[in-house]
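Please go over the structures that come below.
Two complexes follow with chain A in common, the first pairing it with chain B and the second with chain C.
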Partner chain A sequence: MRREVPLVLTAMVGLTMIVSHFIPPFNILNDLFEDWFFIIAAFAIYLGVLNLLRVNADKIYKKQADAPFGLVVILGFLVITIPGLFFSGGRSFSDPGTPFYYLYIHVYYPLSATMFALLAFFVASASYRAFRARNVEATMLLVAAFILMLGRVPIGDWMTAWLPEGYRLGEWADWIMDFPQTAGQKAIMIGIALGVVSSALRVILGLERAYMGGE
Partner chain B sequence: MSGEVVGVWIGAILTLGIFSFLYKDNPFYKFSEALFVGVSAGYWFVVTFWQYFLPKLIDNLALAYTVLSVEGKIDYHWVYVLGGGLGVLMLLRLFPSVGWLSRWSLAFIVGTTAGLQFTRYLESNGIIQVKGTILPLIVGGNLNTTIGNLVIVVGTFCGLIYFFFSKEHKGAFGGAARVGVWFLMITFGALFGYTVMSRMSLLIGRMDYLFSNWLHLIG
Partner chain C sequence: MNQETNQEQKSFWEKLLAIDRRIIFLFIIVAVALPLFFRVSMRIPVTPVAEGTYGAIESLPAGSKVLASFDYDPGSMPELQPMAEAFFRHAFRNDLKVIIMGLWPQGPLQANIALEEVFQDEDLKAKNLQYGIDYVNLGFTAGNEVVIDRMGHSFEESYPKDGQGTPLSEIPLMRGVRNYDNVDLIFNLSAGYPGTQEWVQYAVDVFHVKLAAGNTAVQAPAMYPYVQTGQLSGVLGGMKGGAEYETLLGIPGRAVRYMFSQAVAHAVICLFIIIGNLAFFSMRKRRKA
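Showing the complex of A and B:
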């Protein structure tokens, strides 16, 4: 029951999804399974949220050093959840003017955008390490990134304004994106496709069982 | 003070809270970080509830119940009980004694993803990309396209050779793999450049928010 049922379930569902792609009447099962997928994914998010609340409640209960921040996590959760579920007009919860929208614009968005903006500083130090031209490959990475970054901002074209049209930095950046970058991207995408197909087959055939844990 | 002004002040203070990490780890940053974690969890909880849980599960079950109570028939929508059941099994992970049952829902998720991605990736990432690489190597009267097509065909082919690890990268094969690495490096360079630029634009956006929306010093 612990191992057999999941294996059979994975194989049945996986094969049904593949078959439904080739035999249209099976599409009804495809749609149903996609709906179930979203239902289970919703429960998976609730599982994560419940676990987060439990871990932080535990911190407060045990009076750990970072207990006040655990309280902030729980209060932050409640501050947006209660208005979002009960006071934001139901299904139109995300419409401008609702309390949920207000909290999204003035609390969630500033925090999220700043957190990612902070990475700009760390990317700067990573750039220093990546952009040291130690060999041919590193030099190519450096040159491509350099041309692309300069070519995508006005200063790049301004610096190369003396060159004839078609040879300015912006056009070099376009050429890199259209040809060598596309070639590399295609190789990566085809490689990913082959990897995904073989991994999917291994999962469906029950050869790959890592998702069931170590038991 | 209007609600909008209070909101801008809250946003600005939280923005400064996150930026304070640039100095060093401090309680102001930790507060903002903890708030971000809590608010993110709450945000996704609410979005998932209204956009997936309610329309996919509750609405379908309500429809099934309505058909049963009005027409006395068992409707097809009752199958959603199984989807809901698998979802509930996922929550059992919180209870160690019956946690193994959550594997059933996990198996469903893994199976669906494997089946769906099998055809999707084979079609979009595999066949379409291979088809797009089969290009004419000589385009009469158009040197730019000829060079471009040559670069795409050679680059893709050599890039794929690099990913072929069943044969040792030596001789002509190794040379092609090396050319493939050059193309991959140019791709990574371009991606890196775009990543740096996107982070910079986010940073500029936050600075604009502080100096324009909050302090009204610019714009």
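Showing the complex of A and C:
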């Protein structure tokens, strides 16, 4: 029963969603399932928060090697949650001027942007070590990357300003984006769509059971 | 003698290939930071895809309602925040009404930050824009693409109240706005999932609403097929897209200013790739010899 009940429920919900999409009178079932989804999504956020606190509190309680990081996570959570919940002065927590907004702008904002900005350094280092014209395919990739990297910024047009209009690096970059790139994207999209349809059918028919764990 | 020189050259290329990555990091930080101190005016060529986004907003008559979904966080702020600011300047200059929402929790906050910035403009101050009349921020709702689908039937079912806790029925701007039929355009700023792709699949394809977007440079190429098919009016790609939008708007802002920095950084990365390949071929030639 532990396996059969989830399988039957999955098949029922999957089939209902397909039927309700194509046959308008069944739209009411679509709305009903969406209501359930919203409730589950809202609870998932609370569950995520509780899990985050439990895992990190556990690390501190067991004095694991990374317990100090757990403490930082819990303190960070409390420092940003308490002002948002209790010290917004009757306004929305996200309004300019609230303590939450201040913390968001001066702590979360620069930290988050810094994490993402580090990518530039790793991309540069990885390009230097790995971007090699080892064979024909790699050379084509390298040439395309070169044209795009220089053509997508004004320096590309500046370097090729001596060429007649239509042959400058920026125009080459636009051509790559509009034709080979778009054609490749379309092929990927169609492939993914077919893969999603076959995966969905496998789940509905009970052939794919990995979502239940195991197998 | 010749053998000694070869030995020296070999060690030079080997050393070059094994260069400490911190030296590369140093070059990058100089390439990114130094140009920020200079005001270099660079011509920004405008692409048709960026013109599509600009044109979709520009063609709306005054009083039109635009649903703006902010689906990104501060990590993508350097690319998308200039677009957000340019969008608000564009919308308010043309007297459009803006309904802000977010499928990412941080999105509506990013919108507030952009609003705070553009409200410093003297011409917008003169317009005396009012919350609830000229713009409204509905905030964030969990549910990803299901939120998009549900809003096609009713905004109120996904957002019973705005970010301030005011019921939608009490907000003047939201009167008469039931679903996508009552908005003239959706403008989406996206850094991933859920984002522009979901707006195309669940709003444009199902409810036939008009959509224009701004994406991170990584995500923008995936949107080109949608622009070609007409499902998406246009897309602004990365900081370059933001700079193109600012150029079209005639208000050069942060994106235009930062393009010089991005251009120098790209040039330095290309230089590193050339050096790396020279070293690679030199060593390969030597090994074969």
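As a convention for this text, the second predicted complex is superposed on the first by the 203 of 215 C-alpha atoms of A that agree within 3 Å, B and C clash if a C-alpha of one lies under 4 Å from a C-alpha of the other, contacts with A are read in each partner's own complex, and residues count from 1 in each chain.
The rule we apply is simple: a residue touches a chain if its C-beta (ideal position, glycine included) is under 8 Å from a C-beta of that chain, and two chains touch if they have at least 3 such contacts.
The model shown is predicted, which means the values in this text are computed figures rather than measured ones.
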Requested in this report: Pick one for A:L85: touches chain B only (first), chain C only (second), both, or neither.
Outcome: first
Requested in this report: Could you say whether A:I105 touches chain B, chain C, both of them, or neither, answering first, second, both or neither?
Outcome: both
Query - First (chain B), second (chain C), both or neither touched by A:G206 - result: neither
Query raised in the report: Where does A:S125 make contact in the superposed view: on chain B (first), on chain C (second), on both, or on neither?
Result: second
Query raised in the report: What is the contact status of A:A144 with respect to chain B (first) and chain C (second): first, second, both, or neither?
Result: first
Query raised in the report: Does the superposition put A:P6 against chain B (first), chain C (second), both, or neither?
Result: first
**Report entry** chain B versus chain C as contact partner of A:P154, first or second or both or neither
**Finding:** second
Requested in this report: Tell me which partner A:F116 touches in the superposition: chain B (first), chain C (second), both or neither.
Outcome: both
Query raised in the report: In this superposed model, does chain C or chain B come into contact with more residues of chain A?
Result: B
Query - chain A residues contacted in one complex by chain B, in the other by chain C - result: 34, 37-38, 41-42, 44-45, 91, 94, 104-105, 108-110, 112-113, 115-117, 120-121, 123-124, 127, 142, 145-146, 149, 152, 177-178, 181-182, 185-186, 189
Query raised in the report: Which bits of chain A are touching chain B when the two form their complex?
Result: 2, 5-7, 9-18, 21, 32-54, 66, 69-70, 72-81, 84-85, 90-91, 93-94, 100, 102-121, 123-124, 127, 130, 136-138, 140-146, 148-149, 152, 175-194, 196-197, 199-201, 203-204, 211-213, 215
Query raised in the report: In the complex of these two chains, what residues of chain A are touching chain C?
Result: 31, 34, 37-38, 41-42, 44-45, 91-92, 94-96, 101, 104-105, 108-110, 112-113, 115-117, 120-121, 123-125, 127-129, 131-133, 142, 145-146, 149-150, 152-155, 157-158, 170, 174, 177-178, 181-182, 185-186, 189
Requested in this report: Enumerate the contact residues on chain B facing chain A in the complex.
Outcome: 3, 6-8, 10-12, 14-15, 18-19, 21-22, 30-50, 52-54, 56-57, 60, 79-80, 82-84, 86-88, 90-91, 93-94, 100, 103-119, 121-122, 124-126, 129-130, 132-133, 147-148, 151-156, 158-160, 162-163, 180-190, 192-197, 199-200, 202-203, 205-206, 209
Query - Partner chain A, residues of chain C touching it in the complex - result: 17, 19, 21, 24-25, 27-29, 32, 42-45, 47, 73-78, 106, 108-109, 112-113, 116, 137, 139, 142-144, 146, 149-150, 153, 163-165, 217, 221-222, 224-225, 228, 238, 240, 259-260, 262-270, 272-273, 275-277, 280-281
